[in-house]
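I'd like to ask some things about the structure below.
Order as written gives the chain letters A, B, C, D, E and F; numbering starts at 1 within each chain.
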Amino acid sequence: MSIPAETRAQVLMQALPYIQKYHGKIIVIKYGGNAMLSEELKQAVMGDLTLLAQIGVRVVLVHGGGPEITDLMQKTGKEPVFADGLRVTDKETVELVQMALAGKVNKDLVNRISLCGGRAIGLCGIDGRMILAKARDERLGFVGEITDVNPQPILDMLAAGYIPVVSTVGCGEDGSVYNINADTAAEHIAGALGAQSLIMMTDTPGILREQGKPNTLITELTVSRAVQLIREGVISGGMIPKTHCCINAIRRGVERVFIIDGRTAHAILIEVLTDEGIGTMFR
Amino acid sequence: MSIPAETRAQVLMQALPYIQKYHGKIIVIKYGGNAMLSEELKQAVMGDLTLLAQIGVRVVLVHGGGPEITDLMQKTGKEPVFADGLRVTDKETVELVQMALAGKVNKDLVNRISLCGGRAIGLCGIDGRMILAKARDERLGFVGEITDVNPQPILDMLAAGYIPVVSTVGCGEDGSVYNINADTAAEHIAGALGAQSLIMMTDTPGILREQGKPNTLITELTVSRAVQLIREGVISGGMIPKTHCCINAIRRGVERVFIIDGRTAHAILIEVLTDEGIGTMFR
Amino acid sequence: MSIPAETRAQVLMQALPYIQKYHGKIIVIKYGGNAMLSEELKQAVMGDLTLLAQIGVRVVLVHGGGPEITDLMQKTGKEPVFADGLRVTDKETVELVQMALAGKVNKDLVNRISLCGGRAIGLCGIDGRMILAKARDERLGFVGEITDVNPQPILDMLAAGYIPVVSTVGCGEDGSVYNINADTAAEHIAGALGAQSLIMMTDTPGILREQGKPNTLITELTVSRAVQLIREGVISGGMIPKTHCCINAIRRGVERVFIIDGRTAHAILIEVLTDEGIGTMFR
Amino acid sequence: MSIPAETRAQVLMQALPYIQKYHGKIIVIKYGGNAMLSEELKQAVMGDLTLLAQIGVRVVLVHGGGPEITDLMQKTGKEPVFADGLRVTDKETVELVQMALAGKVNKDLVNRISLCGGRAIGLCGIDGRMILAKARDERLGFVGEITDVNPQPILDMLAAGYIPVVSTVGCGEDGSVYNINADTAAEHIAGALGAQSLIMMTDTPGILREQGKPNTLITELTVSRAVQLIREGVISGGMIPKTHCCINAIRRGVERVFIIDGRTAHAILIEVLTDEGIGTMFR
Amino acid sequence: MSIPAETRAQVLMQALPYIQKYHGKIIVIKYGGNAMLSEELKQAVMGDLTLLAQIGVRVVLVHGGGPEITDLMQKTGKEPVFADGLRVTDKETVELVQMALAGKVNKDLVNRISLCGGRAIGLCGIDGRMILAKARDERLGFVGEITDVNPQPILDMLAAGYIPVVSTVGCGEDGSVYNINADTAAEHIAGALGAQSLIMMTDTPGILREQGKPNTLITELTVSRAVQLIREGVISGGMIPKTHCCINAIRRGVERVFIIDGRTAHAILIEVLTDEGIGTMFR
Amino acid sequence: MSIPAETRAQVLMQALPYIQKYHGKIIVIKYGGNAMLSEELKQAVMGDLTLLAQIGVRVVLVHGGGPEITDLMQKTGKEPVFADGLRVTDKETVELVQMALAGKVNKDLVNRISLCGGRAIGLCGIDGRMILAKARDERLGFVGEITDVNPQPILDMLAAGYIPVVSTVGCGEDGSVYNINADTAAEHIAGALGAQSLIMMTDTPGILREQGKPNTLITELTVSRAVQLIREGVISGGMIPKTHCCINAIRRGVERVFIIDGRTAHAILIEVLTDEGIGTMFR
């Protein structure tokens, strides 16, 4: 349990080349899934961010918060409405989304980073008119599609020494508020920032050659190979849109995109500061 | 209805000495009451802020949001609890407060400022560990008393060219979240910023020599005279704590504190940019 | 006479989009004609400049001063000399020009801006070797033609927070001093500065479709249309060289050039900060 | 005539300690007298200034211009008026003073510095409200007494890399213009700038123990000794006010004040960059 | 041998509070003894420095180099000379010292830091006239006593992002070069820099209550207690001057001074980035 | 012997255009040969550098030090070894080279500049990994060929106000140290810095049309003409590699390269600050 001093020194020294490599670079972390539900994992992720920021990485956290939205909707007795089988986000719902994301999840994450000794500022896409959006489909109401990302507020926060924590709520030209898919928002934000890396935290070990067999993990993937794997059906179901986000991020100029397992404690640190890659890396 | 060009020019020119006077100065505006309920007044206030910021005043907006909190509590069927006749803010309630203030009211105000062409960032006392607080009274739960205000995040936002919009939610050493009285928070924030002015928007014309008679408005007041008026009972009821906030702000070094009538459209502009003082000024 | 508070607020609010539009932009104002003779108009113009500078416009004032030159020549008993029907500017005359412009008019304008609470520095084309010129025609003596404009001194004054007030006296490679036409100088200076706008103050309402009929004012004009109007004789007499200056300024990259009526009090403010365009705008 | 290379190298090397000593220091030069009348001397002085500025000294030139004023008054047929034996400066006269100083002498000096390859900006006390003054004696009209010097415009010009050339015209609270004695102005400006040195160019070799005998030159003088010499009558006539200016400059914090002989070519260079002090130094 | 990922993450996270504590602080490391002789230890020390610099500590390395000096003297057949039992450093010897320290040891250390990916610049006390010294005792020749330390060159290197590596060679007013004791130099340099910490690398575990018994290590010591221990003879022999350096550094304002065992690999990292203090800390 | 004041002033004034011309420009001086051996010449060169730096030239000194290397080798009894008739630089030799250059010559020059009142920092190619090299020929050992020059450390020193003094020792990817030819290093450094001039100090008057006849000095030479003169045998022997360095420097973008006679005192000053070119200039 107590780690000997030599081991500690060894671990720190082995991190040096990675610290040098990422110094001053922007890493966008899409935070979600189980890593967001367990108290312990949440604490580990916030610690990882704080450490990375402290050693000179420019860290940006992008989060959704499905469970918190559902929770607030249930509390307010708001019934889900469907149109042609799709969930409708009416004005009242998008207000609850805004409250749950920008009011609850966002500030809770900022609070936790502070407790780790980090300095964070919580933003949403409305702040500084950062995420501009329009309705994706009139029938779905305030489900938004990103029309533009203005990275200036994030860059300003980074320049002032804060970790920006971003809720994926967008705003329209007319002031309407939209609920934005967090994976898509992370992809756009990483692209607009010219980020060096985008790390997508998921509830899977990464992309597997065979479903359910973690030992068939594909550790590295080019865009063209990823497209092929979707076509071949190796990547399927919920991994398809996630893979599309990864591909798009690469196309928007992000150097490396990682799908990592958010269920592993300190997965981010392990991915960034050690030679043990976990998950799948897109180039 | 159409204002002649000469009149326009005259008004603009008459504003010049006030623009010169407030250039680069910090004005904290405590926003609340009816000015926050009427759509029209809300729009007018956000326009006023945007204009002041645009001509070089460093504007900070501090807001509460009682009605929005009540609204969310009702929607979630949360029953008010009392201890010794005082409202208790349990953990669930303070979460609703956080959502209503930092998630709803705050971002809505930011959104409106954007629609006026201004650049705003919404913060709460958790961001950058800005408002530190502790429980005021154990029995009341998460009703907070400010222990310290760190003005740095506000100064950083001002330096980056944003109008900071601040929700009065505070955080404790242990990460607890507290509901903070907005008048008190505004007083502390103005003091910590070394603000030139603090403007308290209320639902009264100011301090009246005789209750209910607007023509007995006291336009200027020293701290000692204010203390005396409280003692004499001229200032009474809800105006007493508000007056105490004004007095404390002056004692914390704010040069001028104004109580103005938020029910008058563009009351802020009129107070700041014209020679027509409205409301009561504390020196 | 006393303007009601609501009207004042309304006027100020309606100026907001214009203040936003011109923030940080360079506006060069060519000042001359009747606006320069009436004490009242002079005061209004200086007030306009000060207000524009105060709200963030980078204002540059370029002036001539025919009447002051004539006045000094008369006082010194200097007889005008002509060569082939053109006025000759001998060495003694150009010295009087320099004194009248750079010594009298220029510093008087600076003085007036100070009285409005503005900060101005008076320069002429000799300062920082700003306006380089050569003789336009040997027979005319020291009547100069601009060979180059170095905008650095003006940019330095703007950066240091001053309103630069520029006399249109130029200097030659050999140190000779030249009298420069103020309209031409304004055109060159606006071009060299990459100004957003150039405002030419004249004694006419702008370009009229029919001479002497103000209600035939052409409010907007493209360069090609202006050339055509000259060809057609609609623009004639003294308006031809002025129109050429406007056209050249546009060709040098100035976005918008205005011919406005300097006889209207606060014509500049009305043009820049209200939706009432007065005069003719070239694009 | 042709100076051998070794001699040149030797002279340059011997200047090194003086260049090091004055690097970044402010030297105010009061320019007047014969040095201003001879074309050759004028050229030498402007060359000296340019060289000093080029090697890193922060040079400020303050000038009067009696002969140019007289010349313009004669040309305009303006008769001198006296009140109780003192020359009266009426409004018309002060306008001529302003034109002769700020329009003629000032810009001519700027022009000459440019010809030496230096960068200069000509200012007068009106620019940036630099020299504030009031009437010294109502009966004398616009003869000014300095009430305040704002050194900011000079510091701004120095920071932007220009040699400020200052005409000693002052302005009153109400916009009146005053003629200011140049020695007094130089003393005030050097004091307000916290100058390291003030060099007064005169038509004498310095302070002499015996009138008319240059070999009785006093090379160094303390303030108390100077006061004593005035009392003893050794310093007399026109040297008394000049000596008072020197004494006052020292009292305002200027480290060293020099009275040098402006009739010697390159007297400034010799005083500043060689070990041959010429003239009298006050400490 | 292979450290599991969780252990790595744990070690990195446990370093976070120390990284936060030392961020931007100056740590001076006096390097010498066995840590300088073993290739492996040398590599470990340079790695430690590079890592600390990379995570935001402002690291300064001060070194001597007795063995290298002795080696060069032997190679050149230079015989040690003694006067009254003390070693005499004649001109030839101090030249060898300068070559061995500033030419050999210094640049070798810089080279090693480069190989770790760090950026270093090697200086000695002659560079930028950093360490001024005089002869300690005429009979000893060029053995120097520090008269002044100018920390500017070190601060300039830190500001430009380099790790300054400093040889303890000093220079006199007349250009003489002196050999300076490295412990003393480190103490003076740490003081002049206002360093947060000074770490003295030695060949002992620290200060022991009983000679030769490492388990009697005193982990913390106040200045007064240290003085007492010298008086009591607990601190004796070669530890006395070293202890005096520690005491003096504290008196010069260094917050914490550490004597650590340079024979332990990564002793610096362990001391700075873990909760395991090794060696003795003076406060 | 005593130079009259007027002559001094004249010399200083005549230097003005040259000071203006070189202000802010980078001049690299390759220092070597006799100018390095005579105490008097050494002092003159350091004075020249200090003066040039003081008046705003960005001076860089690059030096070798053959005699000092030979001297140290002799002292240590190191026998020269040859392979195929070429001198072999084994590990021990390159260590002596490093000590003699970076430890002795370099710091002595820095020391002398300090005595002239200048601020210098001594660097070698190892500092900041400035000169990267590889073995030129395996059989010759550590004789290096430059693979890359990183000018950043020199630019950082210049920006911090120091005169960089550079020893031509290089380092390899693996940390090996190499002895670099100083002429070649100067050429590469001047090129990498985008220097305005490179001055090569030699023991000849420059390039002569006829060997041994100084009056056949070629004062100006184009690259193509220089190539031709080598081909024609006019340039021969040791002047061939030197000429190649000059040609290469021009090709790397240096504007002017001078071969001057280091045996003439203050040759640099005379070349740079007077109209008397000495030596040969390549364009």
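By our rule, contacts are C-beta pairs under 8 Å (C-beta built on N, C-alpha and C of every residue); 3 or more make two chains touch, one makes a residue touch a chain.
Quick caveat, the model's predicted, so the values are computed rather than measured.
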Inter-chain centre distance, chain A versus chain D - centres from mean C-alpha coordinates, in Å: 68
For chain A paired with chain C, centre-to-centre distance based on mean C-alpha positions, whole Å: 56
Multi-chain contact sites of chain D, meaning residues that touch two or more partners: none
Pairwise touch network: line, ring, star, complete, or other: ring
Chains listed in ring sequence, where chain B comes first and chain C follows it: B, C, D, F, E, A
Residue ranges of chain A in contact with chain B within the complex: 72, 75-77, 95, 98-104, 106-107, 110-112, 114-115, 119-124, 126-129, 153, 156, 159-160, 162, 169, 171, 175, 177
Residues of chain B touching chain C in the complex: 3, 5-17, 19-20, 23, 44, 47-48, 50-51, 54-56, 116-117, 265-266, 269-270, 273-274, 276, 278
